[in-house]
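The structure is given below, and queries will be raised subsequently.
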Amino acid sequence: MQTVFSIAVDALAYGMVLFVISIGLSVTMGLMRVVNLAHGAFAMIGGYIASYAARDLGLGYGLAVLLAVFGTIVIAVPIERLLYRRIYGAPELTQVLMTIGITFCIIGIANYAFGPTLKTIPLPPGLEGSVDLGFRSIATHRIFAILCGLSVAAALWYLIERTGFGVKLRAAVDDAAMAAALGVRTEIVYAVSFAVAVGLAALGGVVGAELLPVEPYYALRYMVTFLVVVSVGGAGSISGALIACLLLGGIDTAGRYLVPEFGEFFFYLAVIAIVCVFPRGLAGRIR
Amino acid sequence: MKRTIIAALAALTIGGAAQADTIKIGVIGPFSGPFALQGKNFKAGIDAYMALNGSKVGDDDIEVIYRDVPQPDPAQSKALAQELVVKEGVQYLAGFYFTPDAMAVTPLLEQANVPLVIMNAATSAIVTKSPLVVRTSFTLWQTSTPIAKVAKDAGVSKVISVVSDYGPGVDAENAFKTGFEAAGGQIVEAIRMPLATNDFSPIMQRIKDSGAEGVFAFLPSGPTTLGFVKAFNENGLKDAGIKFFAPGDLTQESDLPALGDAALGIQTTFHYAVSHDSPENKTFVEAAGKAIGNPAELSFPSVGAYDGMHVVYKMIEATGGEQDAQKAVDAVKGLAWTSPRGPVSIDPESRHITQNIYLREVTKAEDGSYYNKEITTFEKQGDPGLAALK
Amino acid sequence: MTMVTMNDALEGSHRKGRKFGRDLAGLAVILGLAVVGYLLFPNNLALLTRMTAIALLVLSLDLVTGYCGVATLGHAALFGSGAYAAGIAAVHFGLTDPLLMLGCGILGGALAGLVCGLVILRAHGLPQLVLSIALIHLFHEFANKASSWTGGSDGLAGIAPDPLLGYFEFDLWGRTAYVFGIVLLAGVFTLLRRIVRSPFGMLCRGIKEDPIRIRAMGASPKLALMKMYAISGAVAGTGGALNAISTQVVGLDSLSFTLSAESLVMLVLGGTGSLFGALTGTIVFMFFEDIVSAANPFHWLTMVGVLLVAVVLFAPKGLYGTVVGLAMRWREARR
Amino acid sequence: MSAIFEVQNLKRAFGGLTVTNDVSLAMAAGDRVALIGPNGAGKTTFVNLVTGNLTPDSGDVLIGGESVTRTNAIGRVRRGLVRSFQVTRLFQEMTPAEHVALAVLQRDGRAGRMFGHFLTMPEVMAEVIELLGKLGLRELMHRRVSEIAYGQQRLLEIAVALALKPKVLLLDEPAAGVPQSDTGLIEKALADLPADLAVLMIEHDMDLVFRFAKRVIVLAAGTIIFDGSPSEVTKDPRVREAYLGSYANASHAA
């Protein structure tokens, strides 16, 4: 029984880290219909900025996180204006080509600027160490990640379902031409959504850095994981992404515990099964 | 098809190809991609050797030609080796970070009349694939066997083995198991986890549940190591007094700054520590540090490359610059010298390097940096893996 | 995924007689390129052979992606299966005749194609992409696990093919392998040209555009796609076998996500939905990579990235597609 | 009279809502029947049940006296039940010649052939030219569909259906979306349909219905409320109620 609890706790923590990093991708893919393979690259940029701020400049963790989020947005917005705008509505394969190209560039630049070694983001004393849950201990930063995940989910839900911006966004997604006719400035809506998605990526990159360490190949190494999580959840759905992260996190964790030598089989077979049963993602949203 | 032509000496001589007294050495390694750091170390070791020993052997100029295979890709590796031999006319092949890349090249050697000096790839069997292979690095059997004795001597009798599920991981597991069981210890469980494991918490739970007093671990150096060591501490295994044993790949110097305090106290056995205290090593570290640019990036492949160059130089000396692979290899059988890592020799039978293996512990230096502090020396270790092959 | 099938659009306006000529022209282009490659890089045949093998993989990918609209990031599964089938036949069963190995490779590739088709065709769009990713990882992991057969991560070494037709040895200089590869590529290319223009090819293009319409015509899209997957598998398996024969070793990389993604990039770069596009993409990508990585090994990736972005911006239909588009416009303007 | 196409007591419910309720009808070769009904009458569901895209809860569909209830959509096409689409479903990148050729080849079971080209198959080309000629599309046969006018696309839709040599043709609003100026073309095409073909047309345009159909069936709320000659349909009180009633309700809601 204790083992079950233990796995559940690990699964929750892992799933929430995945969620924080992937949810931004769900926004770009689901709401903006861009297969954005460069998502991991933006998360990585966030990680690098935070690492630089906290380790080399000696700034506090909170400040580093803020810098990472806004710094990444500042870097990403020109990219959106120059490059992404050209591929809205383009065929998927064209988007794949463009975003892989962007990823390659970012990797090369990161490698040049920061070198090939691992970069860490020093945690504040409050997040270091472990918390005793009675039956086991868990790293404090994982609890922090869980809380981050929950607040991101809540904030996004509020933004999309309850604010004027959310209304415009949903309108632009359902029918861009109609929304434009009604006076919604779709390109601004898109730019803002993109900035939000990138900001979330950066936040995820920083919060998840303890699990997925920052290095130049981060952008490619975890690309598939993010893509799988988002698609299984159903792109564009917050609840879908949340369920997918917890489910896949659970499957992965349980697989690694019970049959580590077949962990990969376990995970990918589950993915195939889920996609076959829910071809439109767990949230069941049509495209 | 990533390749790099860096004429170590003379871009001049490329034009005058007919010049007979330039001897070319083709080096294949990961110079880009996720393992670029290791390739950089190859180059640093080679540059250091040539800086210290000159770029001439007798009258012959030495030219090193680099080719890039970023990730294990035997087909690519073989194609590049073929190109090096046929097009560039190299007389020696060297380098090779990954085992499959080296394996792919061995069938070529005889026809090409070219010896192969392996500077890293660490699977025992490679040297058996061709009589023209010499290795100056290590094997996982070589580095993982002594740690079994260390574990037993530390009073640990039940150990769980946790390795990444690929060739080197399996080698490490077998080596440790053989050594530990021979010493009277018991392997309570042997876990092989997928290479692409991000979250190690469930593995830590397994370790905890197994009731082992110690854990033997092997993962490829890089991002996963960091996650593993952190998870070990955060899940309370360190506090629970579970001992951590591993071959030195886990605490390679270039990863130590990132690992930080988390790695303190981890004991590993390995053939080389950058901090090794000897005049030879001081000279080497200084030269190699200059070659690599940032001395913090220096790691074990550099010494394999450095000694590999030594072997190649000796081969050239012995053959007088003539292309005769068998003669060259025969000349270095039994060759002994003092390497930056300590006294070493080439075993005449296996053509693998015999060397000291050191037990080290990750320690914080006075200036706040971390290093592998050598504690015990296991002298003149051969490769037990070859015996296991038979 | 609505890249125009340039050749076929042109085709409508063509008369019977010219088509045979076009087939010959295609063949001539390949053989011409082969000769040019041989003359330019006589000492680099191993790399040219590798390019040939990859070209077969990209052609095979074009069959399902370009002609049938299947989105896949797992196509190396077919290539790798062919390579392992040929390699295992040689190492474990002593079938060292290159043609027999080739046969095994084709069979292995086709079988893998059927397995992949069964799974991948169950979804569309993004979920389809994810299924393909899951599949390639399963194949990879399976090969890693079955190390007594495949050599695992150390690679399957010790493949020693007999001389081709009992006479031409696969030697250090790689001439036999190169000629063998070019003959295979030319043969496959000619065959595929016929297939994509045949009624079956037309059916597949129809499926790509609207499977429901095809059903309403009484044809089963699934069946046709499965057939195409088997053909695609055979082609990729040919490439894999060529790779196994020419390099005499098979590594896990041949079943990797990386290779799958790279082949997709090459295809889109050249232009989907035309066999020449697939060839163009392979040649341009591999040469570009070779040149820039030689120039600067540490930052070649950045330059490849710039190339991809530039292609999307300035040649959105892929290199070949864009050139053909321009040619068509020019011709129309002249009319 | 032997029915070439028959529907017996067809029923289908979604959740608690019965969308098709006990629908029966029979058609003989050469029949020209129009199926009309107000919005939400269940026409789309009926079409899907007949073509095999939905399975009925109960009831039977027969073609040539043979039950196809358990046969899938593809099998029904092969048995001679062919449909057209309300919104054209054509291959934008292909030519009319390719469309018709593909249909002809598919009908003959040769669409899986991996060699040859239809342009070099004289018997296929003869049929393609004949059919396209009949529908006035001959000149356009090698243009891409995306380049031809919508009215002509509708004609091509009919050509593809005819190329399959159906016994029963289900025309789903053949004139929908066609500009007024082009409806004449469609009407002419409909008038020229083979005499022995049973045609069931679903249509809104009553002018077209009256000119085309010899028999009109009215579907409302999932049930057939009228089945008779066009001259009687407007007089039928239930039909008036169904149509006008729905407008009355709509105005309440508004």
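Worth a mention:
Per-chain residue numbering starts at 1, and chain names A, B, C and D are given in the order in which the chains are listed.
Here, a residue touches a chain if its C-beta (ideal position, glycine included) is under 8 Å from a C-beta of that chain, and two chains touch if they have at least 3 such contacts.
Because the structure is a prediction, the values reported are computed rather than measured.
For the remaining chains after leaving out chain C, touch-based grouping gives A, B | D. When the C-beta pairs in contact are tallied for C-D and for B-C, the bigger tally goes to B-C. Averaging Cα coordinates per chain and for the whole protein, the chain whose average falls nearest the overall one is C.
With chains reduced to the mean position of their C-alpha atoms, the one farthest from chain A is D.
One inter-chain figure worth recording: chain C and chain D are separated by 42 Å, centre to centre, where each centre is the mean of the chain's CA atoms.
As a whole-number value, the distance joining the C-alpha centres of chain B and chain C reads 36 Å.
If you average the Cα atoms of chain A and of chain C, the two centres end up 33 Å apart. Annotation: 48 Å between the Cα-based centres of chain A and chain D. In chain C, the residues touching two or more other chains are 2, 141, 145, 298, 300-301. Within chain B, the positions touching two or more other chains are listed as 33, 36, 165, 194. Each of the following residues of chain A touches two or more other chains: 111, 261, 264. The list of touching chain pairs reads A-B, A-C, B-C, C-D. Partner chain D is touched in their complex by these residues of chain C: 2, 4-5, 8-9, 12-13, 16, 19, 194-195, 197-203, 205-206, 209-210, 212-213, 215-220, 224, 227.
Of all residues in chain A, only 29, 35, 83, 86-87, 90-94, 96-98, 100-109, 111-112, 224, 227-228, 231-232, 235, 261-262, 264-265, 268-269, 271-272, 275-276, 279-281, 287 touch chain C in the complex they form. Within the complex, the chain C residues that touch chain A are 1-3, 65, 71, 119, 122-127, 129-131, 133-135, 137-138, 141-142, 145, 257, 261, 264-265, 268-269, 272, 298-309, 311-313, 316.
The touching residues of chain B, when paired with chain C in their complex, are 1-5, 31-33, 36, 66, 68, 71-76, 78-80, 82-83, 85-87, 99-100, 103-104, 106-108, 111-112, 123, 125, 129, 165-168, 170, 194.
Every residue of chain B that touches chain A in the complex is listed here, in rising order: 33-34, 36-37, 40, 165, 191-194, 196-199, 201-203, 205-206, 209, 222-223, 226-227, 230, 234-236, 254-255, 257-258, 260, 294, 296-297.
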